[in-house]
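What follows are several structures.
You will see two complexes here that share subunit A, one where it goes with subunit B and one where it goes with subunit C.
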Partner chain A sequence: MTTQSVVIGAGLAGLTAALRLTEHGHRVVIVARGAGATHLAPATVDVLGYVGGERVDSPVASFDQFFARSPDHPYRRVALAQVEAALTWFSARLAGLGYTGGLAENLLLSTAIGVARPSALVPRTMIGGDLRAGGRFVFVGFRGFKDFHPSLIADNLTRAQVPAPLTARAVELALPRDRLGDLGGRRLAERFDSRQYRDWLVESLRDKLEPDERVGLPAVLGLRRAEETWQELENRLERHVFEVPTLPPSIPGLRLFDALTARLRAAGVRVVFGVTAVGASAHDGRIEAVAVANASGTVSYPAHSVVLASGGFASGGLALDSRGVTRETVFDLPVAGAPAAGSVRFAPRYFDDQPLAGSGVPVDDQLRPVDADGKPVFGNLHAAGAILAGAVPWKEKSGTGISLATGYAAADAIRGAPVTSMAEPVR
Partner chain B sequence: MNSLEADVLVIGGGSTGAGVARDAALRGFSTVLVERRDLGDGTTGRFHGLLHSGGRYAVKDPSAARECISENRILRRIASDCVEDTGGMFVSTPWDDPDYGDLFLKGCQDTGVPAEEIPVGEAIRREPRLNPDIRRAFVVPDAAVDPWKVVWACARSAEEHGARILPYHRVLDLELDGERVVGARVRDEHSGEELRVRARVVVNAAGAWAGQIAELAHCTVNVRAGMGLMIAMNHRFVNMCINRCKRPADGDILMPIRTVCVIGTTDLFVPDPDVTEIRQADVDLLLDEGEKLVPGFREARALHAWVGVRPLFEETAKVADTRDVTRSHALLDHDSRDGVAGFLTITGGKATTFRLMAEVTVDAVCQHLGEQRPCTTADESLPGSERHVMYRLDARLAAREPVPQAEEIVCECELITRSALEAAIDRRGTTNLDDIRRLLRLAMGPCQGGFCIYRAAGILHHGGRVDVSVANRALLDFLEERWKGVHPILHGDQLRQSRLDDWIFQGILDVEHLPA
Partner chain C sequence: MNDLIRSSLDHCVKCTICESFCPVSQATPLFPGPKYIGPQAERYRGVGPSPDASVDYCSGCGICTQVCPQDVKIAEINSRARAKLWEGRRIPLRNQLIARPSVIGRLGTPVAPLANWALHNRAIRALVQRVVGIHRDAPMPSFTGRTFQSRSRAHRNGATPADAPTVVYFHGCGTNYYEPRVGEMVVAVLEHNGFRVIVPAQDCCGLPLQSNGNFPAARKYVQRLVANLAPHARSGVPIVSNSTSCGLMLKREAREILGVEDEDTEVVSRSTFDLCEFLLSVHQRGELRTDFRSLPITVPYHAPCQQRGHGIGKPALDLLALVPDLHMIELDVDCCGIAGTYGIKKEKYDIAMAVGRRLFSDIAATGADIAACDSETCRWQIAHGAGVSAVHPIELLYRAYGLGAADAPGAHRDLPLAAVGDRSTTAGNGAQR
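The block that comes next holds the complex of A and B.
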């Protein structure tokens, strides 16, 4: 007898929860409108990068100070040991991507505009770009690729606040003349899967590099064979080579998504895309089935437990209407932190703290959405990722960390719950 | 201090000022135009883009209606590249008195505005998103005009005829010689340098700011600022200019303009045209009025909100409602009016009649200078409009279609190529991405700069064009400026978009930690 869990959403939180649930012996179905923020975000695991605008060197040493400022943060709903376990688990499950790092120290990676940005865990193709030790960096861009501007990076990085002195310069290469036209990152990445393109890059760069320079390239070094490409470039250029994440679509994010979904498929998880979870049938305070709308109507997925990982406003897990009312879009769960209709939702200056920013679904210590009295709305509904109240992830640089930690923790909370038998989906 | 000499100094770089400068230059006067900010950055660039047929004024303001239809016909010809022939409709919704339609038709007849009632079914066939419960519909020759294209075409034409066009030159003082205005002291807002412009006639075309300029010559010009809110929606719900068939009121027009449509407007006196704010109540009002025209409007995707200030001139009376102030222009000869020679003020009016306003102004300039030089602007096409081909929405797409993959598109929403962006940066010599926005419509589409502004900053910096700190500043300033128009209407899908932009700028690029 297996147990079915329904995961709503296919971003990092949902994929993490699903994979972890299979390890607890659950049969899992993921229902999602489409891919999540993996396709947008850099694929680094950012646990905590800034507290009150100050850069964080060590996430583990900064949580107390952080919680004093953000008492209702999602990290308060998980144990530190769980965050650590989630990172270790993630690195092990995705060994092929070679994630390195941890909670003790943030790495510093250059962004595509040349800011030294903190991350806890980074994939192998980016590690060479760690700025903390300083040194000589060269950023290589491609004329014709509009989403990467190496001289902007180099000139800003030269002025960046970093622990050790560094130099940075830019090189721009003309891409091979094969009528590339308006070239997106994805098409460029596909080209780097081919030997021809790697040869071209190595030949073009050979006489343009100084000794001991670390070579930064836009994060487009292949979709399917990125590991191989990266390793080959390091070997042939005899220098550290690293990718710099840039505008969406995130190629490293696509690789992460592919790696996770490959593991999920191997574990027998059904991933149903192009559908929208629209509600639930419940009995006795527990969800019995999730209602899912597809092109032809509504299907009901029986569920022993449910993980709601539908994302925040960006992904449509939360919605604000024109009258200022914020709603959770699947189950109409209570929302915390949203300004009341008619009150100020946005600050007049863009970088100021935005009143609407921290709104989301409040949860208990098992990540179950709660009502105004703090009681779980459903005994078997857990929430994870960007839908959770209390975070401003794009400022904290905590988005992937929250998704990974809470996705992992939601699955572990479910493991502790009583098991009932499940049937096939019914129409 | 550097100095310039000219026959005519024009103060104000909106459509009126640019029109005056062009008209004067075409008549052979040496001309200088100064504008404190960018051309078309004031009222001109902040309206909904309606080229009036005159229908809106047919009942209440017949002389304004007559001017409108006459100028409408002229601009379709001489500014064809700036005008899209959308056509317009006046519709009676269930909230409007259907009998007003009879008054409307009569007014149109009396003023020569072509108007024809069509069956409601036909109206819905032409505009399928319209409220199916409308009761009457009238077709008029309204059109959509791109104000920035008009202003820049006038400026280019003026320059081709020898004029000096100086954006970002603020008037500090008018120079008086006894009871005569002989020029102005202006400051280059970029370099900080001062410049003296001596002129035989000074034309105050500062619109809602005309009172402030007139005061520098000790003249009192009572221009009141009527603030109006506009909201751009993410695509064209309608392809014709849709007017409510009733007396002019808040939220009575929905305009298709370039890739978006704009609902307008409100009308509120403000004491200072530089101090405006977007009020939530006005946003709600426009969304509700939009809902009456196009069901679903209220929760549809709004992109951007902004306010413009109309110059409303009243020589004497106190008027309670700004809508009761005539939309006709006022030309003030300060010699006969105030005993100050060499000084004219042209204000009031509306974008549709800017050419006429320029004509009467330069006629008066001629009189002052004792010259007889006829106006030619009604016949001479603006640069880009020589072939009398009207603008079409698919113009940019059509230009790219022969070689669709020729080069990078920096702004996908508005189909702006890298070479077009570079040409604009170099031609204008500007580092202000908001200036570029007005020239090219950069970042005016659904993502509001989410993708193109990083690219534009990179291109601005590329090849050492500007220092990195200037490129950073351009990006950050743009984000702040954009936010002003974005946050008042953020909800629904546009909030999703805005969140994605937060992720891009703050999450991925971390721009708030750029070195100062």
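The block that comes next holds the complex of A and C.
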């Protein structure tokens, strides 16, 4: 009988763990309350962008200094070689998206509001937007598309801290008359899968570009044929063209989700959305089955191993109740780093050191959640992604890096575990 | 419960994940999207009538709720908003009519040849579109003239011992009036696996009325059905349904959307299984017969939106993986567009076809001439849009068990597999055009 493992959560960490587990011969079921942050994040892999407020040029050269400040960070639970392996694996599995980069140096890309953002691994359509060498940039927006503002980007970038001088200006185009309704990124992206929109864009831009200018476009260049569209635009405009993230939904994130789930489908993974993992039956310190609430009741998924990738506070993997107690919501695992009930949880300014930040599930070197004595709560439960204790991803620019590295490492830790047969399913 | 459904809107963080998945708002600007119409607009729906009727363009596929990471009951909120929209208005004749499949079934069955002729006559359909508002090209099933209820009363299974495990079969209106052959295959497969199958008298579950905004009538229907089923459920007999949307009505929607909260509904909800879910659980207990013959064909499989709402994975694929040489292709499109009665309406037909376009082209790309799907209206839409024969997964299992061998010679006709006896329903309008 095949070995079935259950992954809880369908964000980057869960999808990564699931795909990696299939490569170890596991049959995998993903149970998820909903989709994850892939749909919101720009689909880059940000491993380490800031240490103590200073921008990181090279993640690999900055880990020692980083760990001195953040000794309990999730990256401490995986080997550097594993982080590297995860990046290489990810790029290879998603070859169609053309990920480029690594731990040696961060690229510097513009955000949707024109801030220079360090990122380690970047999809092909964004590489041309690397700001490190400076130069001339033009950002092109579409009138009526409220999730992308080229003049804001250009204006902010001219004041951004970048290693070499750059100039940036904005151009706004009126879209072809079209029944687009409320103009969203998703609808625009579908238009760019068609030849008509590509032709229109090339024709509209030709006489508006200065020599040597790189062209930044909102990241809506298609869902199914984005790479092809991007390549064609570079060829026809004879210059670097790149996508800049928009406000959500993230179209590059949708492409990443689609590419990962397509691979999962091909590997026979079942992704069950709209259900909630609510607990487990365990024996001898091991989970035997995960209890999942669906339309009519609670069903049990037998599990050789379990990866908990249910996310942090934002996704409901962690919850702060009205009494000030922080809980892990599926298995009620011990939580570390949370301020005691009654003490200060929030600092007044967003980028202050927030007492609640960094709370999460503490794990051992196999990413197994541990109790106060450092012993694994269950021998076959591993955690990955935003639920892990010790990270402040929005300050470190480390969220996707943690998800990818720990999702990958959790699956590899499971490979090392002894294989037992499936338990009987029960309803 | 109702208040919990509505108050879930406070969990909305405006992340737009529902908007990314919504198939309808991608297809038409007339529907502004689940976030806007759901958790956002719901805040402003007060006591009086809403000035914004765009919620009526929600197809009710339910994908938004399934993908929402914050547990906001978006589709449920929208369904209730639609009912509220219609509360103060006169529901059009069309929506009253198409929402009562068992009434239509009872009217059409005795005059099946005439009714079928009319349903597929171009001139009459054009007139129906003008007068009633049902799109002239919308896929329509054919009446078979003899209901599944009637057939099942004549059915005797001598082989099943009296102490065999029992299941109650909830077949739904589609099987009863249009696809009784599917019902017979369900019974045959269950009996082949040693089950005694009870087919209680049953009427519509009320789902089409719910989708068309008539909650009071929908509640009457579902409560009557549940009252019939509850005694079986109480004695521990599982209720098995091959209609994914009607099964979901019993499992969840009666409680969460219609707000029907009573013991009968509770016990029926817990005892209801989708057919493939049930058969897979039998297999997981090691009790499913696996004496399958080789079935060397390729079949793309579409898990319909309502099937996804069960939260049970894709048991049809797990079951069909047991059949030697059967190559199933898992399609990844969320919705075919029809959404029950949505896509047959004159003003929504084009939207439904646009929603289904990717599914149709993905099916065409497989080169297969047969597709599998659990839901009846979706099968009709797939047959119509993709021009293939569309079957319930049970038909593949039935064939693989060799149970079709007992059929009359010539029943298979020209198809590698056939919706035997129901050729016109599964091929739908596609064959007519």
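We adopt the following convention: the second predicted complex is superposed on the first by the 420 of 427 C-alpha atoms of A that agree within 3 Å, B and C clash if a C-alpha of one lies under 4 Å from a C-alpha of the other, contacts with A are read in each partner's own complex, and residues count from 1 in each chain.
In this text, a residue touches a chain if its C-beta (ideal position, glycine included) is under 8 Å from a C-beta of that chain, and two chains touch if they have at least 3 such contacts.
As the structure is a computational prediction, the values presented were derived from the model and not from experiment.
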item	value
First, second, both or neither for A:Pro362, with subunit B first and subunit C second	neither
Subunit B versus subunit C as contact partner of A:Leu40, first or second or both or neither	both
Which of subunit B and subunit C A:Pro248 touches, first, second, both or neither	both
Touching partner for A:Gly399 - first (subunit B), second (subunit C), both, neither	first
Partner chain(s) touched by A:Gly316 [first = subunit B, second = subunit C, both, neither]	both
Partner chain(s) touched by A:Pro348 [first = subunit B, second = subunit C, both, neither]	first
Partner chain in contact with A:Arg186 - subunit B first, subunit C second, else both or neither	second
Touched partner set for A:Pro74, first subunit B, second subunit C, both or neither	neither
Contact breadth on subunit A, by residue count: subunit C or subunit B	B
Touching partner for A:Thr111 - first (subunit B), second (subunit C), both, neither	first
Contact residues of subunit A, present in both the subunit B and the subunit C interface	40, 179-182, 248, 314-316
In the complex with subunit A, residue positions of subunit C that touch it	13, 15-17, 19-21, 25-26, 28-30, 32-33, 36, 65-71, 248, 251-252, 269-270, 272, 281, 284-285, 308-314, 318, 330, 332
Subunit B contact footprint on subunit A (complex, rising order)	37, 40-42, 50, 53, 55, 111-117, 144-149, 151-152, 155-156, 159-161, 179-183, 245-248, 312-316, 319-324, 342, 345-351, 393-395, 397, 399
In the complex with subunit C, residue positions of subunit A that touch it	29, 32-36, 39-40, 179-182, 184, 186-187, 190, 248-249, 254, 261-262, 265, 270, 272-276, 292, 294-297, 299, 311, 314-316, 424-425, 427
Contact footprint of subunit A on subunit B as seen in their complex	280, 284, 287, 298-299, 302, 404-410, 418, 451, 454-455, 457-459, 461-462, 464, 467-468, 471-472, 475, 479-480, 482-484, 487-488, 490-492, 495-496, 499-500, 502-504, 506-515
